[in-house]
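Below is one structure, written out as structure tokens; comments come after it.
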Amino acid sequence: KPGGAGKTDGPVPDKPSKAVTLNILDVAGDLQLTQGMIDEFVAKNGDQIAKVTYSKATAPELVGKVKAQQNAGRVDIDLVLTGVDGLAAGIDQGLWTPLLPAYASRLPGMTAYLPGAAAMQKLAGDFGVTVTYYPSGPLIEYLPAKVATPPKTAEELLAYAKANPGAVQYARPANSGPGRTFLMGLPYLLGDSDPKDPVNGWAKTWAYLAELNKYVTLYPSTTSETMKNLANGSAKVIASTTGWDINPRVLGTVPKEAAVGTLQGFHWVTDAHYAVVPKGVDVEKQAAVLNLLKDMLTPAQQAKAYDKGYFYPGPAVKDVPLSMAPQESQQAIGEYGRPEYEQLIANNPLEVPLDAKALVAAFDKWDREIGGAKVKK
Amino acid sequence: MSWLRIDGVTRRFGGKAALERLDLDIEQGEFIALLGPSGCGKSTALNCLAGLLPLSEGSIWQDDTRLDTLPPERRGFGMVFQSYALFPHLSVRKNIAFGLQMRRLPRAEVRRRTDEAIKLVRLEEHATKLPGQLSGGQQQRVAIARAVVLEPSLVLMDEPLSNLDAKLRLEMRTEIRRLHQSLGLTTVYVTHDQEEALSMADRLVVLRDGRVQQIGTPEELHTRPANRHVADFMGYRNLLPLKVTAVTPDVVTVEGSGLALRGTGVGTLAAGDEVVAAVRPEDLVVGEGGVPVTVEVVEYQGRELAVEARTEQGLRLHLRAVERPAPGDRITVVADPSRVLVFPA
Amino acid sequence: MTATTRTAPRTALRHRLAERGIDRQLLLLVPALLAVLILFIYPFAYGMGLSFQPAEGGVLGAYRNFFGDAYQRDTIGTTLQLALPAAFLNVAASVPIAYRMRGRFRGKRLLTTLLVVPITLGTVLTAEGLLNFLGPTGWFNRTLLEAGLVDGPLRLTNNYWGVFFSLVITGFPFAFLLILSYLSGIDPTLERAAATLGAGWWPRFHRITLPLLAPGLATTFCLTFVLAFSVFPSAVLVGDPAGTTRVISIAAYHAAYEAYDYSLASAIAVVMGVVELAVVAAVLGVRSLFYTGSTGGKG
Amino acid sequence: MRRRIVATPGAWLVWGAVGFFFVLLAGVIGSVLVSSFGRRWFDTWLPQSWTTQWYGQAWHEFTLLDVLIVTVEISVLVVAISVLVGVPASYVLARKNFPGRRLLYLLFLLPILMPPITYGIPLATVLYKYGLAGHMAGVVLANLVPSIPFVILTMTPFIEQVDPAIERAARMCGARTGQVFARILAPLLVPGILAASILVLVRTVGMFELTFLTAGPDSQTLVVALYYTMSAAGIRAQQSVDAMAVIYTSMMLVLLVVALRFVNPTQLVARVKEDVE
Amino acid sequence: MSWLRIDGVTRRFGGKAALERLDLDIEQGEFIALLGPSGCGKSTALNCLAGLLPLSEGSIWQDDTRLDTLPPERRGFGMVFQSYALFPHLSVRKNIAFGLQMRRLPRAEVRRRTDEAIKLVRLEEHATKLPGQLSGGQQQRVAIARAVVLEPSLVLMDEPLSNLDAKLRLEMRTEIRRLHQSLGLTTVYVTHDQEEALSMADRLVVLRDGRVQQIGTPEELHTRPANRHVADFMGYRNLLPLKVTAVTPDVVTVEGSGLALRGTGVGTLAAGDEVVAAVRPEDLVVGEGGVPVTVEVVEYQGRELAVEARTEQGLRLHLRAVERPAPGDRITVVADPSRVLVFPA
């Protein structure tokens, strides 16, 4: 029986007494960045980790799943890679084993976080360890051939939408990273009273979205859909992020010549992926996880997070230049990356995203008042 | 004491008796036919005998063994079903061998006896075919072989010929009778066809609504049916509701609806009784000084003609004629008093 | 004889039970019965119980929550608006097609197979395909534009129509199969008899075949409706899950797995079951009307 | 047949509708198929160039081999259990008349009549409560709910049309109950069991809701994996999702074609003799 | 010229002819029976006439109208199906009224004629029942009423009695015959039962493998079958493969398998020909100086006994006896030469 064999609390040994099997659940799409790091660690440390099984799920299910396993006393998810949403929901429900500060010393890499990553780490409290980080967006993406003068401010975007009904598109925020980044970024752009309180502090944002809604014909359910629409010309300006700008062009879903723009006065709404360990995981396995995380936070491993621009840049720790990244990454980013990102990241403020509760409230309000408003039309 | 004794066997379905107090003694080697209209309980009786239906009351004894508490597979009877019930996935040979295999007989013996049975029903060429590839008559023969190969102490047959066409039925009838005679099998045979029953059985049991009406040899039933229902079933197509006018020891005179007939009384009758006079069509012939009737329908039947006629009062009569009358003709018919049976109504 | 009388009553009791059809063979039912009781009835009852134990708001709190919030309540209407027309179209389109395909003809098996192929598609392929094919620059709109039939692309995805089409694609083969099967069950000599009585194809169809098909139609409609009513993935993928195609299963899913309000989720599941059974009951009611109506009609 | 050649307007309408449906179908399938082989496909009729890389990518990224193995394991288990449990029950329902039979039949039909999601959520909750969900056991159990009734639904008419006299004949030949089942009934029911199995298999492989609600990391079937690829976080090429959908559909198509070999689709609800013209 | 002319009608199924070049002229008011074994093309012929099957070749003419290009609903024929084909959802009355309604007759007339038809088949009490609630015979009567209420120029019946039991069959036979006579309907009647055909029809058409074997009156067929197949079908149960030894203008002498018979030749025969001698069981009687045979099976048949016997060479004979011989008895049988038909083999 997995999980049921050994102790699940008490001190975690330095090393597992014999090689363990780790079940890793990814609810954030993080494996694309980190699977290489994990595999390499496992290859080198066969004495600690015999085998890793990977599985994927959607963030909303995470809590139900883990909680049910904990209630049943049989936890067989040993490590969860999650975004802010799953992390926070788990904290709320008390699902995670507190790794900090108890084992902070075993994770030296955490001291080298980038400022943005460090801010994101604060959200995790004692429970999660930031493994990858990126400033995300909001950005707008368009094909220069079709949009000669891209909007430069939020107002211009609105005016552009008004002039070209149906041309501006962002995916339903609940289903889409760029969608939610756009949503969370708007209060900063519009100067709302409390950018962290979507219910009471976003008056301008909601008014703006409602106005924009008049000229949006379609809120696709996935970001891919907006990308496809951009590529085939049925959408002209879409919401995007750094990762969603580079990676789809590498993959070929979006033409290489697509360009990104920013709206004046925008703040980056950063994003990160965390590693958390559910309560009820065997201490032997926890030991293996800690050693794995330690390794993952070394610059050499972090460099793998460049990937093909999926989470651009990706590394959560300092001093990981692109040149350390695998050849493939360097090539892809060399070809499809944008040098201007470095400046943009350096010169615009970084903001942490909404916490989970506020985010769910924002989604709900968006669903009801913006997306759902179409029902009444 | 008789070899098989059926003692007050009753079977009810949800309170309604499908078979009521059947008493019957069967001698070894006898061919018994159960005869009756649809729904009279023939199959019920057979299934009770076979053990396929539990009894509601009564018992069945073979010599001194009580049989009715045994499951069907332990009674050692054979059965031939109306629909043949051949195993469709087994070849003719395997169908026939099935029962022997169930007895765990040695392989060589199974083979020998199966071969014998196949020969008996003359299906040597078809032994490896599946039942679906056989004609109706051939299937029927497989069913019979399958039942007799076990040399059962009793063979039960439930309307085994009713699915065959007229010509084949005639052939198979002779076939079964031959098998019965050559193997000396005790047989209980269910049918609703009186002709079949008469021609095959040593003794007939006539059922109606679950009750025995009469038990006897074919001759007894044919010439002296015990009541009007048996008569009806035995081909007395004219069942005429009349009134007794006079009774002598030998002859009963009956009248009504423009008819006056003399006949033989069955049971005690008195003048003035309402009765039913039963006459076969072949006993009502065209003749001088008889009852005047009008011909309505004439049917050709080989040598003879079947005629339907009506008395002036509208009573319908079935009779036979040798020369063809035309519809509308007026003729007179007579009947031999010994061939007219008079039953209480 | 004494032995006989002693065993008689026991046999009789067994017999009396057997007469009603109760004997040891009924034990064969036990595993299936247990499975349905444990895996279906119990969870359903459990869910029903959960629905009456919300975190706040008293026994009926979850229901009040659902019915008190127009955004939630409207999902019933939204779902019905999708499921009823889709089920209706699937059944209505299947009837003439199946009617044409009754007899034997060459290629019938192939045609049947082709019509049934969409069963294999799965929601994702259907969704992807619809998005690709009916999307603004998909082949469909492209053809219309090139042919000059429309000025701008028709919007057929990410709205009501997308979901509707996906329900038709997945539901039609199912309805067709069932109706073809019911139609084949109607003795073809009945129609021939009607023909020899002077009935042309229309009277043959609507006076003979249709009334006989009515029970099958009702069953098929119910089953197709059930399929359509529980639409979930395609409502998200090709629909407009926040708006026009926010169907009730999205609400249930949202409650259970995003808001972690199991009580509300169970309440929604119960409401779903009730609405669905109501529709099924209504259809069966209409069918009995229809049947007598048709037989009683002009005659 | 001569008269049939001149089609009536009604026939044109019907075949037109069928044609339209096929065009829609061809468009839907075709566009996914084309997309799954296209390297880049923007605002054009066809992709700019062709490749099979997406299949390889989908295979690796979604560990399709494991998913396929799990799918097969789950489906086989579901089929085996539902046949083992369902066939005896349908035997009793087909052969015996006892008080409450109709009620019981209705009870067995109910899970088919209910949308899976209505009982799926409470079922998943209960299964999680007992620690069964999240593993293969839970997925199998959840899928049994519609599968057992489905086996009963298809097998009952099938058993009904096996002449009960055949069983009686076997008994009269001296076969005991066990022998009747093993030697006579089982071989006769093989086609029906095969048909029911394949239909259950198709349903299980395609059953999204119940599997989705109860699957854990090691027990995702292909449909669920497919849904995740479309809705889970992360960026992936549209084409590789398309490739995966094509893989899924091919698998189902093979199953369906096999199924249609054994099951005459027109005989699902009513068993009719093939009519002579 | 005849009223209905069937002219070289052929129907093929996938190359195989189910009916080949059927020529038949039907007079108004005639009762024609199509007779033949299963699969001989009877139903095919009927369906071609009704318009339910398109013809492969040939034509059908009524007076001077060509019928075979019309759909069934425009031919104005009535049809009674073997399985009745009653509309299960319509009451007896509505079943019968259906055809009249299709003709858009005024309501009152529909009512009147339906009532009449119901009375004709004596179903007044059952008029509001659904077909499922009727017995087989009653259903059969509804089917007939439904067909005749339209007063069709031609009534087609496809084995209408084959699903009934023996007694009912006899009754319905007379019923149909009566209807035919009282309404003067032209009727084509399909059956495989020779007795039925003989007793009902004015003229018989015997089919075999889709080809007409003989057309004639019942007497003609009964006494002078055209070939051995017709003879077989007409009750000549003894079909004996023999050899001609002598031919005179009147009598043909045949021998073989221990038999020597004198008979009437059909067709030209010469000494030495292989032939088949056909004799009915009732024409083979026990008598002095005949062929010696051994009794094998004896069946009681009311007045007579049916006997199966074997010659020494093993040839099986069916005969009739009045007194009961026992199995194993050796008897001699004789036959009237005029009743022995000799056909070329």
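Order as written gives the chain letters A, B, C, D and E; numbering starts at 1 within each chain.
Simple rule for what comes next: a contact is a pair of C-beta atoms (placed from the backbone, for glycine too) under 8 Å apart; a residue touches a chain by one contact, two chains touch by 3 or more.
Note that the structure is predicted; figures quoted are calculated from it, not measured.
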Statement: Going from subunit A to subunit B via touching chains takes a minimum number of steps equal to 2
- request: Go through the assembly and pull out the chains touching subunit B as well as subunit C.
  value: D, E
Contact-graph separation of subunit C and subunit D, given in steps at minimum: 1
Statement: Chains joined by the largest number of C-beta pairs are C-D
- line: Farthest CA centroid from subunit B: chain A
- request: Would you mind reporting the rotation angle for the C-alpha fit of subunit B onto subunit E, rounded to the nearest 5 degrees?
  value: 180
- request: Please compute the C-alpha centroid of subunit A, do the same for subunit C, then give the distance between them in whole Å.
  value: 40
Statement: CA centroids of subunit A and subunit D: separation to the nearest Å works out as 37
Message: Quick check: how many Å separate the C-alpha centres of subunit B and subunit D?
response: 53
- request: State, to the nearest whole Å, the distance from the C-alpha centre of subunit A to the C-alpha centre of subunit E.
  value: 88
Query: Which subunit E residues sit where two or more other chains touch them?
result: 71
Multi-chain contact residues (two or more partners), subunit A: 64, 175, 221-222, 228, 232-233
- prompt: Can you list the residues of subunit C that touch 2 or more other chains?
  reply: 20, 137, 236-237, 256
Task: Sort out for me which residues of subunit D touch subunit B in the complex.
output: 163, 165-166, 168-176, 179, 183-184, 187-188
Message: Could you list, by residue number, the parts of subunit C that touch subunit E in their complex?
response: 187, 189-190, 192-200, 203, 207-208, 211-212, 291, 294-295, 298-299
Query: Where on subunit C is subunit A touching in the complex?
result: 71, 74, 78, 131, 135-137, 153, 155, 158-159, 236-244, 246, 256-260
- prompt: Which bits of subunit E are touching subunit C when the two form their complex?
  reply: 50-52, 71-79, 81, 83, 85-91, 93-94, 97-99, 101-103, 146-147, 150, 156
- prompt: Given the complex with subunit C, which residues does subunit A contribute to the contact?
  reply: 60-61, 63-64, 89, 93, 172, 174-175, 217-222, 225, 228-229, 232-234, 360, 366-368, 370-375
